[in-house]
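Listed below are the structures to be examined.
Shared between the two complexes below is subunit A, which pairs with subunit B and subunit C, respectively.
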Partner chain A sequence: MTGYLGGMLVILSLNIILAYAVFLPVATGQLNLGGAAFQAVGAYTAGILSAEYDAPVIVSLFAGAAVSGVISFVLALSILRTKGVYLVLATFAFAQFVSGVIINVDLLGGALGMNVPDHIDGPIIAVAAVVILLLVMLLMQARFGLAMRAIHDDDVVAGLMGIEVRITRVAAFTIGGVLAGIAGGLYAFYFNFIEVQSFDSLSSVYLLLFVLLGGTQTVWGPLVGAAFFTVVPELFRYVVAHLPVGHAASTGQLDTSWRFIILGAITVLMMVWRPEGVVTRTGLGRLLHRRVEKQA
Partner chain B sequence: MSAVPDIALSLRHVSKSFFGLQVVTDVSFDVLRGQRTALIGPNGAGKTTVFNLVSGAFGVDQGEILLDGTNIAPLSPGKRATMGLARSFQNIRLMPHLSVVENVMVGQHARTRGLMDLLTPLWLPRNRVWREEAEAQLRAFGLETYPNEVTANLPYGIRKKIEVVRALMSHPKVLLLDEPAAGLNTRETAELKDFLLDVAERGVTLLVVEHDMSLVRSLCDHTVVLNFGRKIYDGPTAEVQNDPGVLEAYLGPRHDAA
Partner chain C sequence: MILILQQIVNGVMLGAVYVTVALAFNLTIGILNFLNFTIPPLFMVTAMFAWAVAEHGLPFGLTGPLNWALALGVGIVLTILISLVVERLTFRYMKARYGDATEHAIPLVSSLGFLLILENLVRIAYGTEPHRFATPFQDLNIRVGGLIVSLPQLLSLFLALAIVFGLSRMLATTKTGRALRSIAENPDASLLMGVDVSRIVPVVFVLSGLLCGVAGAIFAVNYGQVYSGMGNEIGNKAIAGMVLGGLGSIWGAIAGGVIVGVIEAMSVHLFGGDTVQAIVWGLLLVALIVRPQGLFGHNAIGKGKL
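Let's turn to the complex of A and B:
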């Protein structure tokens, strides 16, 4: 598993981890438009510790996750008082703040980026993604997950039922921050180079899209969303190149940048067709129910 | 007074005003354990405010609310839930994306203790009792047909009952019902009455805010009437319609002289 497919697998794995980082707050009804910034915190923490202080990879990874988690926790305590669009703006503002710090601090390499000499291989990242996926699934199958979904649907009633709404939301946001920090550290050690553009606001938008279009109601939504937005653009690269239309003068092919236009159109159609995401509880229930009937 | 053992819930000189407008004035009454008490009154009498003061949606300005002798007035709604107070909502507030059994399991939350209950998967042997209990409770009230259906897809009358079952899952000492018959037709109201009598027979004390007098008459043995934020009647339901003060509140003063 090397070269193109190996690289795809790594990007897919990182996107899955990041999708769950954003999913956890979203599952409690809190939109997070700063996912890539928490990834950046993890990446730069791990990178600095490894490059400047010769810390072992595993220590640097955990430190990145911890710093991102602590920042998420402090941020969540203050900004989870805001709701809806204001929360989105607050997380977005945080992402801009992180970008500004990275560009202006010499230790972090500024706009030139930073080399991270230590390396980890792709399969480790894939294993990390599977482990994190399983842990999030277990968490969502616990009463904590039930409480998160109850808060998402009706936070007032959830509070009246004895659920600690604020603590649950802060915890979900913080765990999300830890996951994003892990993804950041893994990114830094796989690519051996980090720069501020890798964690820009467009990345955060994509992470939120993974979750919203995949579906926020079940644990499968982010997986489907991340896989779709990682794999489909690459498939289009192949498909568009072989389309028998749009004979561009010299090559007889459509420019492969058309794939982004097709992807955009599909995104809009998905929002119209399935506003609650591709994977919904009702849809999943129907699917499982049909399977039970077949067995009977 | 609070030492008397058969009083489940007691309001003591409760007052509440909003922006200078006195909505509830010095209201005191007791809800006896095992009894079905109605709280009625004309529109604007303050019964919904009293309901919200008891459930904890608002804090009281003055007075005490005693649940089993403990003053719950300073406590948050969630804390009151863990102390044994549960409520239903006038317009059903089930979680729309949760299945029937999951909604009922949310009602158990007030009884969970510690991180192990919170963070271990619900399918582990130690946690399986939660789902089994929820399913058993649904069966006990004849609601076992759609345990895994998302509640948004179910009829109104069924959802109303599921909401009451959810409230029962905290094993409440007192169950507050906010206009349970609102939005139900005559047949559904009759069904709900039988259902609530069934609930009460299992030892749950009911305090019901209700407009529908026929439901109050057939369900509640005791009635408290409010008017302009003050208590004007506190006695058996059977005699409420003969009380001159209540008649005046609902129908206006008599004009014998005219």
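Let's turn to the complex of A and C:
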């Protein structure tokens, strides 16, 4: 469990937590284009508390999650008064704003990045991912999850049936923010170094896409999406590195670019043929030989 | 004082680019209720491709290096073609079949896919470093009472305004314009009234591609420099302009674009170049919270669906 595989497991765990952070708002019909920015808020809050104020790791971690949660609560509460694309725009603006602020504030290390002395080991992150996965599953089984599912399927009817659509959406968005903050804190303590480039708007897009491609109808979708888009690029990197022609020298930049192009192409094609994502409720039911209620 | 005035002039000039891109955003969101994230990369593709053609000639050795104006024309045509491809693969599939809460977002998500493809293809083909785009009149300036006004920038401002004016006339008077407005109002009803919606929709994409292309050309000529990150850095700020002005409003796009340009020039002058991103997007966040409909917008935008 050391070296390469261990590192992969950590990245996978972080991606799973982040996927659920983005999944919760998306499951209520709100796209979040600022996932990485909420992660950055968690990472920098935890990092500063730990590096500058010598706070214990666990305190810094929860403080990061809390700050990210409060920000998402305030954003969602005020923006969700309106319908339509405004929340998408707000999360997009928030992502740009956060990287703009980080670059300008010296305390946060600016463009140079920031060292975080305290360390968390890989297995703890894996355990955290499993715990969060279980909690989200529990949440989706609870009454709140049922409300989310109803809103996901039809927000108007859900409202008519007495579900507080706006409150549910704000709550889902806030919980998502908390999860992203936790992922950020874990990231900071595992890598011991954070810089603004790790949380740019492209990372947010990437996050949102793998959640949507995994599917948002069931709680399994984000898991599949996160796993697929963590493991496959690594395989791809391996293949590129071992191509017979002079690609052995192919640098990280080129490699990343091709990876994004492939993700983009998969996205476009999936939206054409299977916009609901890989894992669907009916598909899952068929797989488990369960009776499935007819979809309208 | 003269320095501040100079910044305002610079900001208005920079605003010409934002106005044009914001208008492209506004057209697709106002008429089709589609937030098209391929617009910033299209803006970038025009400039980058024009640079490549001016430097190396058309691909596959068809011609030698082209004249700068011709190169810009080629860039704009390519942009319009890509915009049509985007329409074919995103918007055609907007009629969702599954009744999901995220169904309205299918074209948006697809356009994010195109964003990744276009940005990274350009990075692979032309690299991430800035390239010089040379035109014969880079240093033509006129002086008005101590203020320096660059002639090409002034011309581009007028060009941008002329395009906006032409577009609003076109929407107000022509048959196509009327069809477009009816789709904006209610796509189902306009289909019933005999508007061939699937034929009219590509018009929106041609127009928004054209606007992105013109904006890219304006940027390349005025700043003499193009780079693969310009879609993300410059094109995206047009989103701020669009929201400030009001979603779906043509005059809002003008006002918003110019406001963002001036804010940017002022913050560079007062606080330095690094602060622009935080200031512009921070203001946009505040605007979204306080007055989401913007200066000229109305509440209907973003609610209906096609």
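Throughout what follows, the second predicted complex is superposed on the first by the 248 of 296 C-alpha atoms of A that agree within 3 Å, B and C clash if a C-alpha of one lies under 4 Å from a C-alpha of the other, contacts with A are read in each partner's own complex, and residues count from 1 in each chain.
Here, contacts are C-beta pairs under 8 Å (C-beta built on N, C-alpha and C of every residue); 3 or more make two chains touch, one makes a residue touch a chain.
Quick caveat: nothing in here was measured; it's all calculated off a predicted structure.
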Winner on subunit A touched-residue count between subunit B and subunit C: chain C
Quick one: classify A:82 as touching subunit B (first), subunit C (second), both or neither. second
If you stack the two complexes on chain A, which partner ends up touching A:107: first (subunit B), second (subunit C), both, or neither? neither
According to the stated criteria, A:205 is in contact with first (subunit B), second (subunit C), both, or neither; which is it? second
Look at A:153 in the shared chain and tell me whether it touches subunit B only, subunit C only, both, or neither; answer first, second, both or neither. both
Regarding the shared-chain residue A:285, is it in contact with subunit B (first), subunit C (second), both, or neither? first
After the superposition on A, what does A:217 contact: first (subunit B), second (subunit C), both or neither? both
Shared subunit A footprint, subunit B vs subunit C, residue numbers 152-154, 217
State the interface residues of subunit A toward subunit C in the complex, per the touch definition above. 26-29, 31, 75, 78-79, 81-86, 88-90, 92-94, 96-97, 99-101, 103-104, 151-155, 201-202, 205, 208-209, 212, 216-217, 253-254, 256-258, 260-261, 263-268, 271-272, 275-276, 295-296
Provide the residue numbers of subunit B that touch subunit A in the complex, in ascending order. 55-56, 76-79, 81-82, 87, 89, 93, 95-99, 102, 105-107, 109-110, 112, 117-123, 127, 130, 148-150, 153, 166, 170
Residue numbers of subunit A touching subunit B in their complex, please. 138-139, 141-144, 146-147, 149-150, 152-154, 156-165, 217, 281-282, 285
Subunit A contact footprint on subunit C (complex, rising order): 29, 33, 35, 89-90, 93, 96-103, 105-110, 112-117, 119-121, 123-124, 128, 232, 236, 239-240, 243, 247, 274-282, 284-285, 288-289, 292-293, 299, 301-303
